[in-house]
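Labels run A, B, C and D following the written order; every chain starts at residue 1.
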Amino acid sequence: MFLVASLIVNGIILGLIYATIALGFSLVLGVSGVLNFAHGILFALGAYMYWVLKDLMGFWPAMVGAALIVGVIGIIVERVLVRRIYGEDPLFGLVITMGFAMAVEQVLHMIFGAAAKTINPPEFAQGVLFIGDMIIPYYRLFVAGFCTVILGGTWLALNNTSFGAIVRAGMYDSEMVSALGHDLPMLRTIVFTIGTMIAAISGVLASSIWSLKPGMGAAFLMPSFLVVLIGGLGSIRGTILGGLIIGLTTSLMSLVIPRFVDIMPYVIMAVVVYFWPRGLLGKQNILE
Amino acid sequence: MQIKSITRDPYLYIFLIFALYPFYPFLGKFISLGSELLLFFIFTLSFNLCLGYTALPSFGHGALYGMGTFGAALTFLHLTPGMGIECALIIGGIAGMLGAAAVGWVIRNKKGIYFAMLTVAFSQVLFGLCWRWDEVTGGESGLTGIARSSFLGMDISGSIPYYYLCFGFFAACAIIIRVIAHSSFGMTLQSIRQNPIRATYLGYNTGFYKFLVFTLSGFFAGLAGALYCFLAGAAFADIFDWTKSGDVVIATLLGGGTASFYGPIVGSLIFLICKELISAFWEHWLLAYGLFFVLIILICPRGLMGLCDRKEQ
Amino acid sequence: MAILSVSNLKKSFGSNLVTNDICVDFQEGELVSIIGANGAGKTTFFNLLTGMIKPNGGTVMYKGADITGKPPYETLKHGLSRSFQVVSLFEEMNVLENISIGVQSALGLRANLFKNFKKNDEIRVRSEEILSQIGLFDKKDFPVGAISHGDRKILDIGMALSNRPETLLLDEPMSGLAKGERSRITDLIEKLRKTTTLIIVEHDMDVVFKISEKILVLHQGAVLAFGDPEAVKRNKKVQAVYLKS
Amino acid sequence: MKSRMIKFVTCICMVLLVGAFSAFAGEKPIKIGIVSPVSGNYGDHGKLERMGMTAALKQAGGKILGRPVVMVVADSETNPDIAARRARRLVEVDGCNFLMGSVSSSVASAISAVAAEKKVLYFATNGNSDSLNSDKASPYMFHVAPSMAMLVRGGGKYVANNLGKKWFYLTHDYSWGHSGTAWARKSAAEFGVEEIGEIKVPLGTRDFSSQLLQVRESGADVLVVTMAGFDNVALLKQLAEYQIYSKMKVWYTLMEFVDMWPLKPEQRQAYANVEVYWNENSKTRAFAEMLEKNNPDAPCPMPLDNGTYEGWLAMKILLAGIEKAGTADDVTAVIKAIEGLEIKDNMRKYPTKVRAWDHQVLTQIDLIKANPEATGPDMWEVIDEIDANKVARTREENPINVSISN
């Protein structure tokens, strides 16, 4: 019983992390209609930047620094590469971002080497919490909390600010945004940058749990995709829900059929998309 | 008139270039790469019936190719050991076709990204199963010991005879695929791509035709996969991974499959040859390779053939 | 015996009722116009008849066969075809090919893998017939992006004719057209009504009252009035609604 | 139409030009094709094995039988299909008679298939699957890395006697992982070990929290782990995070130095089998120092890891074989010369033997204990040196014969 309870808690924590990783991907896909396959590498870049900065300036400044550096890279990527293929088939965006991801991954190889690196959690979050037999590392609790803040913050910002209203409108129908006199290219740049920064921050958070490797992001690319599709395109609540579903299933399935935990998310996605064509909480959007 | 239409046919030149391939001074030594290239042509051409003609972004074509590979390998090892490879090739093609039919029927009415991700799910599930099912698929170490013997009585164990077998299949498939692309059915597909709603109002059951083209394309993909298994002499589960499907999508888009019928051929040439050449000379070749993709799409957003002309019909 | 008979047709999107219990019979050979304010449910009504969307309740009978909720490619087989308010063409093809797509479907060549499309004389001849009928023969090689809006409207109707429908639904055939071009459409309609049952959604009241044999007035998804032009004109409810707004 | 033709022609011309340059490459050296991961996630493992090969070649003076020896490297991308393509290129285009390398068993068996087809000799380094010298065995392949049978039976005895008899298995879910568990089970009766449970983890798993929660609850004495690659690095980290070490001992059936090195000292407390440890004796130490000096871009300090040693050994065996056969052109003669070869100057306590009937190279295995206090590269302590002859599969256990000597 303790075990099941631990697994559920663990699944929720994992789910929040997955949702945060997928959040940036979801925003960019929703507003710009671009399948950002560079999302994984931006995640890894965030982690590596943090690795470089953390000894110089400590946890919080390093995280902010990593997010800013990767954010600037995001602006450049959007302005130079992604901008050219708005309105084209999303697949071209896929090729361009994938090519970019390949190149950057190799740059990480050249600078940092292919060998893995590990990072310890910041000092304030070391150690573990025992509740009976249940064990939860403080760092995971911290990450879960932080992810909740990011997810909740994004959601509140989208629903309660005028900028958020524009972004939501953009997710629903981007042409409408420019028709209403807003600067659509600017909106897309801003959203892409925000997406990049969230990717970087999730990279920073995840690096202390999963270690670093130049190819670390690729492993989270497909899960992000699955989370977004299960939750539904263009819905932040959906992304959170999707993340929790993936997190809980991978966690609980490891008790029942541990051999197929890697396939389960795909099966769930297939079932969801089959019966709810727009995902669980999805709205109609520009990809249709 | 007749002769002119033949001399102006790009296929004539493509076939000529590849018929003489083994005799080129340097390139001719890459004989297996040549065979692989031809198989990749079949694969991307068939894939482009889905992507370029019907706008079906299948991300599971690698799985169909893989089904062909494993179908042929298992047939050759267990049903027809020591015999010619004809049977195995047919079974490979049919395996690809059946796989495509099964998936295609279920997801025939899904659109765009949803279609793509459902095919990814299909290929990842197959990958997971294949990787673990040691008894049948050999799991991690795959199926090996597939020594090709003969095809219709001809000895094809050498590299050059096998190259010409692949060439023969490529020529046949390429011609058939073009006939299909230019047939009424091909026009049906194009109409579905351009305006699916109008197409339904003109009597086209769009889902059904999507299913048909996916199945058909699955047959050619399976056939290419089956031929590949005899080229490699082995079959590995990695073929089911979505990255293999990604390769096809990228190769087709780079070449401009949505803009021209011949896009996939140009794309595959660039994709494979550049990969082999760059990787032979520089340790960090992925950097150049990745930037190369970016550059191509920046310069010609519709792929290389998008520069040349509109779709020939 | 009515050729198309609709009874108790209902459709709602969420809580929003767009067609409410429509009951109406269309007779063979008639020209019926449907009028009503924007949002009265006219286009939805067309979409329901042709099966683009499925109704929540009610039936649509065509010549005694139940076609309720059958998809467009099925209703087409029964002889029901339609044009679009916003022209819906194959934008990367030329005029002849646009028509040919429909003709090839009518000829049952949809899935013919080996017959070359371009060299198929059967398709070409029949397509050219239709083009002559609608008066676009001399523009057959133009890309559809290069012809005028009026021509596009006509081409849109021509495509709906490609399989020789018995009943044709025209969705605002004259919207966005100048006076001169309108007359081309009315001429075409006059030509078509000899052979085809026509159901037309139209805003231009002059034209509607001039050409229609019967008029159906929709208001907030329900039938307000149905009858010949004179009767509709005198109808109290219609007057109330139209004078009020 | 015209520009299309131009494109084709340019493409072909480009390729021909490159060919013309490489065709006039001078005298006839002996070419050894190295198929190993250069780019991608396993680039570091590939780097290590190539370092070993280069070192062995250097020690031999870069020449054998008076002919220069060159290594031609091709990137395997850790994908069997691509590895096979590159291996073919090495044979067809570069004319290599000998192939070497790989990091995983799947890549090894793909290259082996090419070697058998092309009748060239292949040394499988750094893939530990049993199948490489049972059902995938081939006369044209030698398996340099120890198989799982050797690793598990080698270390298992010590672990059972000293660490605990209740074992829990955590393995990668594919044939390599399965064979680790299988051998442990087979020896269970002999060691007097009880199996508490088993979790198979799919390849590519990064988060083991759910599995580790179950492991904690299981009440086992020893956690037996068979896992590799980046997954392993992540697992090592999480073993510490979930404080598994305070509940039970952890024994890895195979560990790479480069995987454990990035961890903080207090996070590494496991026991593990390794194929070599740089600080095992003075010879290995000197060798590792030499490697470190010559390779400033090595992925870890003292870069004498399993892969390095296997690469070194493979090259050494090949050169010895060529010398003994007196030819580098007759592959069969070289294979015959290598079968039964014994390498004494292998820097280890026990000599290395090449077994003829299954083409397995038998070399010493170490059981190590990681020292949680060590901060430098000297993080392990060798607690047992195992003679591979005693633990390798016997002929009864593996009834095959791929020898071509008799």
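As a working rule, a residue touches a chain if its C-beta (ideal position, glycine included) is under 8 Å from a C-beta of that chain, and two chains touch if they have at least 3 such contacts.
In this text, all values refer to a predicted model and were calculated from it rather than measured experimentally.
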Identity of the chain that, by mean CA position, is farthest from chain A: C
Centre distance in Å when chain C and chain D are each reduced to the mean of their C-alpha atoms: 72
CA centroid of chain B to CA centroid of chain C, Å: 43
Centre distance in Å when chain A and chain B are each reduced to the mean of their C-alpha atoms: 33
Between chain B and chain D, centroid-to-centroid distance (C-alpha), Å: 34
Junction residues of chain B - those touching two or more other chains: 128, 132, 284-286
Residues of chain D whose C-beta touches two or more other chains: 39-40, 173, 202-203
Chain-chain contacts as defined at top: A-B, A-D, B-C, B-D
Complex contacts: residues of chain D adjacent to chain B: 1, 3-5, 7-8, 11-12, 15-16, 18-20, 22-23, 38-40, 74-75, 79-81, 84-86, 88-89, 92-93, 104-106, 108-110, 112-114, 116-117, 129, 131-132, 136, 173-176, 178, 202-203
Of all residues in chain B, those that touch chain C in their complex: 179-180, 182-188, 190-191, 194-195, 197-205, 209, 212, 216, 310-311, 313
Touching residues on chain B, where the partner in the complex is chain D: 8, 10, 13-14, 17, 24-27, 29-33, 36, 128, 131-132, 134, 139-142, 144-147, 159, 232-234, 236-239, 262, 266, 269-270, 273, 276-277, 279-280, 283-286, 304-305, 307-309
Footprint of chain B on chain A - complex, ascending: 35, 81, 84-85, 88-92, 94-96, 98-107, 109-110, 222, 225-226, 229, 233, 259-260, 262-263, 266-267, 269-270, 273-274, 277, 287-288
Chain A - residues contacting chain D, complex: 2-3, 6-7, 10-11, 13-14, 106, 109, 113-118, 120, 128, 133, 135, 137, 139-140, 209-211, 213-216, 219, 250-252, 254-255, 258-263
